[in-house]
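Below: one structure in structure tokens.
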Amino acid sequence: MKRIAVLTSGGDAPGMNATLRAVVRMGIHRGHRIFAFYNGFKGLVENESAEMYNRSVGDILTRGGTIIGTARYPEFKDPELIKRAARTFKLLEMDGLIVIGGDGSFRGALALEELGVPVVGLPGTIDNDCNGTDNAIGFDTAVETVLDCIKKLRDTASSHQRTIIIEVMGRHSGWIALKAGLAGGAEAILVPEMPFELEDLCHRLESGIARGKKHSLVVLAEGVMSAGELSVMMKDKMGFAANTVVLGYVQRGGSPTANDIILGSKLGARAVDEIAAGVSGVMVGEMKGELVTTPLQKVIDERKIIDPTLYHLAMDLVH
Amino acid sequence: MKRIAVLTSGGDAPGMNATLRAVVRMGIHRGHRIFAFYNGFKGLVENESAEMYNRSVGDILTRGGTIIGTARYPEFKDPELIKRAARTFKLLEMDGLIVIGGDGSFRGALALEELGVPVVGLPGTIDNDCNGTDNAIGFDTAVETVLDCIKKLRDTASSHQRTIIIEVMGRHSGWIALKAGLAGGAEAILVPEMPFELEDLCHRLESGIARGKKHSLVVLAEGVMSAGELSVMMKDKMGFAANTVVLGYVQRGGSPTANDIILGSKLGARAVDEIAAGVSGVMVGEMKGELVTTPLQKVIDERKIIDPTLYHLAMDLVH
Amino acid sequence: MKRIAVLTSGGDAPGMNATLRAVVRMGIHRGHRIFAFYNGFKGLVENESAEMYNRSVGDILTRGGTIIGTARYPEFKDPELIKRAARTFKLLEMDGLIVIGGDGSFRGALALEELGVPVVGLPGTIDNDCNGTDNAIGFDTAVETVLDCIKKLRDTASSHQRTIIIEVMGRHSGWIALKAGLAGGAEAILVPEMPFELEDLCHRLESGIARGKKHSLVVLAEGVMSAGELSVMMKDKMGFAANTVVLGYVQRGGSPTANDIILGSKLGARAVDEIAAGVSGVMVGEMKGELVTTPLQKVIDERKIIDPTLYHLAMDLVH
Amino acid sequence: MKRIAVLTSGGDAPGMNATLRAVVRMGIHRGHRIFAFYNGFKGLVENESAEMYNRSVGDILTRGGTIIGTARYPEFKDPELIKRAARTFKLLEMDGLIVIGGDGSFRGALALEELGVPVVGLPGTIDNDCNGTDNAIGFDTAVETVLDCIKKLRDTASSHQRTIIIEVMGRHSGWIALKAGLAGGAEAILVPEMPFELEDLCHRLESGIARGKKHSLVVLAEGVMSAGELSVMMKDKMGFAANTVVLGYVQRGGSPTANDIILGSKLGARAVDEIAAGVSGVMVGEMKGELVTTPLQKVIDERKIIDPTLYHLAMDLVH
């Protein structure tokens, strides 16, 4: 029997609740005791926690967000706070900590590990910019949400013969933009991993209009520039203003897709076994259909970028 | 047998296609011939039109937007253009014109009527600010779309214990904000019809937090101010920043609800009969369950405002 | 200050939770105390209840079903059980009982009233067969759910050039079939209120095929006959088999539409005021946009039937 | 330049249109000419075809079903019909045929190959029982549709404290039941790949009730038995009747998920290149993230079964 702690950290992502449920239920199934810290690392610093039982995670499987709360907590670089968090961990006689979050959260986890806290990370971030897993928990749902918005915007774009720029999340990575843009048949997709060429973009849109397209949709990852900036540049170049939509936090919410629920369930269950086996300092992910572990340091050091083949496929299919 | 023209004008709204289908099919069913002008009054000015048959409107019933196109066309105040439009109408020997749109579109319709064009208006605008009908076509769908976004934002607001301001459409009227805010359980709803009191808003949010609320959602009609402006004011007053989301054109799109399809079907069918009966200068709407006609001039002169009872109900139920 | 009891009874309907929330919160806002009985009249008979507070109904506004449970309880005709229920009511010193349900539930309520229990009914049933209200709580959502299924079935019907019969709820009333069928553009709609003519149905489908329709959808209210029976009859007559889909309980669930949430909120709030004013034996409904009360006996005696104009409109628009 | 034919066959699946679009547009992009045969092999036998252009597949990317029609065509075992089909193919001087469908369709494709028709198969079937690909086109969408229905049924099951059996598609394979059941938190999942033990099922449900569960959902693949049969067996054993829902064709329809659109786009594009390279007799699929080809004979001979680890995970997480 181990005493295993779990927390969710950083931006919330659909499927975090399903992951939590798997940690709790597989943990109890294996004979361990599971404790949740509230609101990310803050709960560890301030010792806000509760033991979790099977019923604690009842009825949360298909709900968005995270019932144990999460927080961006930039202060957690302060060695004093990290020490306090490690102290809480030891005071409660925990055997390991599962951190569900993204890059920033894994930095915090590694800092704790240096103070002797065994940690296992799980990738929960809609941006999908984590190395060591094909998909992060929440990414699949975010793509569906954006696709749904694209379909709605197409109605208006088409009725008004307009160009609409849709700014989506993705500071360092264009995954959401690429998958949703390809699935939504966007006339152009702009991602941080590819060079931005205004000339090229305008040519693409203008030739579409010349071929008789009634509307154009440009899906723009926020990491490239803002929709407002792009609109100004396009107006200067092409002479007409594009409308802009910034999807914002809408992308974060919603009931998770089956894929996110299942991914979270698999990873959550495996994280328990890794902790129990004494593993530490790794993230559990899924690559090419297999559960794998990757050192957290490696996850942080190398950012995952989009698949250029997919990008070129998207461009080749828009005519 | 009459020759009846139809066009959609102003911002597109879900259910415009269902309305068009009803005009076409009921028209043909009654023995008339139906012609569509493309892209609003612009199509009338430039004589871009086509005869519509039963099959022309097949498979459009549940689709958003409008297949005959629409346009904002502020130039249509120019008497020269209005004359050209009336000339097209007479040249094609039309007997009447059905205009699906909002206030601005009805102004254009009235200008045409002065030149001898028999016109009947149908209220198609998500803002629901048209007198003479309880609901405008598209409003019901827009409310559902906003409610869906509110539910998604609540996941994130709740996980992060944040305040989120959601700016929705409604320049002169708070209908979307009121209905979606009430249905979504928003902690505060700000509409142009009610005085804005920063003090009051902050008090409401703070007392919610004091009672243990994990999140606050503020639904803001764009006519009050922008979400960005409100966020700055709240920060000055309450000391913490609210996040903002501007839903924008997403509210315009999407497959219409059953209510919008049915409303559009009823109004479209009735408009044909009004034209055939020689009626002109009115809008057909539905009030208290009955189809009614209201002079277009009256529709334009008096703006429909929200039901204050509903507003107070919303406020009484949030605790 | 009054002590007001509330229960949900009969089949569950989306919006019951929103109604419950309004009863509880408006009740407390007005200075009353509110108590819920669990699982319908059964909870009253067996005295299973709990006081409700503002927080008891937090986070339920947009959830389907009813958190206080409901039950079909045919035994509640037994005078002994009714006496026991009335005894519980008096024992707990309640001042009034709000019953959210349909016809059967109102019969139970009237039986209790005869024993001196002040009762107010609220119409909660997806079938929408209750007199005294234009829409029952849950009906709007059920129509959207069925419309969504019709849209999915159309994909398959169209790809395979098939006829599909969709059996929907409505034992005595064709409201769901009519509104969803009209909104979904069904080629035929069969409801209990209209005579069934096989000849006519087959003619309608065959002439559609002759005009080049790739698919036919028949929406059938269960009160007419089962989809299986109809399929056999059609095969005998037309020589080809239609596929059948029975939507069943899927129609009952789901997050309520804004309309159902708002209707439930209005009616729940008003029921509290009626009870407090000493009113009894009535149902609160909404007709032509106004909240109205109707004697429960009248609600039970006269069944609400569909609007034939709407039926004929649907038929006129399918070509 | 090649002349490449494409058809969709068997049950329709969401994403078939996206696949078709990819075949057409990548084909034209590579300099080929693309022709569609209507309604599966029937169109090949009866020579019903049309050349496809970029605009022919505009606006279909996110639509369910297949615009070129499909048909079950059991007669296509008749050597005479196969010969006629091959004759059409040669008459039109086609260089290759892309068949989008499932097992049955690939048998037809192989029969054609024996007569000298170069064929490449693409897996389009919601059942996901095709070897040679991790996911078939349409499967991901079907799982989401079923998950959505499970969430709706849970509302009713929970409100009424009932057991509901949901029968889903899957004659030979339990993929839909497994993924949707796991994601929906079903209390029991019955699939053809696992032995059915009534004792075990009842024990599982009863112990859930004993632990305080308010409802039980049983997801049943049609290949095990019908929902009606299971309900009778459960009643005999446990003494209470479960409600049943048969989802049927609803599972086939709907706008495809981003995953299905992208999978279809990748496979469709690759199939063009395989045909152009002279490859024949294989199916293109995606396994572990890589596009791979598998001999059609092998696809047919070995059926893909569910992953038992996933099944056991689902069972371990339900408490």
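In this document, chain identifiers A, B, C and D correspond to the written order of the chains, with residue numbering beginning at 1 in each.
By definition in this document, a residue touches a chain if its C-beta (ideal position, glycine included) is under 8 Å from a C-beta of that chain, and two chains touch if they have at least 3 such contacts.
Note that the structure is predicted; figures quoted are calculated from it, not measured.
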Least hop count linking chain B to chain D through chains in contact: 2
Most distant chain from chain D by Cα centroid: B
Repeated interface matching A-B, over half of the contact pairs identical, chosen among A-D, C-D or B-C: C-D
Geometric centre distance via CA averages, chain D-chain C, whole Å: 35
Euclidean distance of C-alpha centroids - chain A vs chain D, Å: 29
Touching two or more other chains - residue numbers and ranges from chain D: 151
Chain contact graph, described as a line, ring, star, complete graph or other shape: ring
All touching chain pairs, where touch follows the definition stated at the start: A-B, A-D, B-C, C-D
Chain C-touching residues of chain B, taken from the complex the two chains share: 21-22, 25-26, 28-29, 54-55, 61-62, 134, 140, 143-144, 147, 151, 179-180, 182-185, 211-212, 255, 257-259, 261-262, 265-266, 269, 287-290, 310, 313-314, 316-317, 319
In the complex with chain D, residue positions of chain C that touch it: 8, 11-12, 14, 16, 39, 63-66, 69-72, 145, 149, 151-156, 158-161, 164, 214, 243-250, 252-254
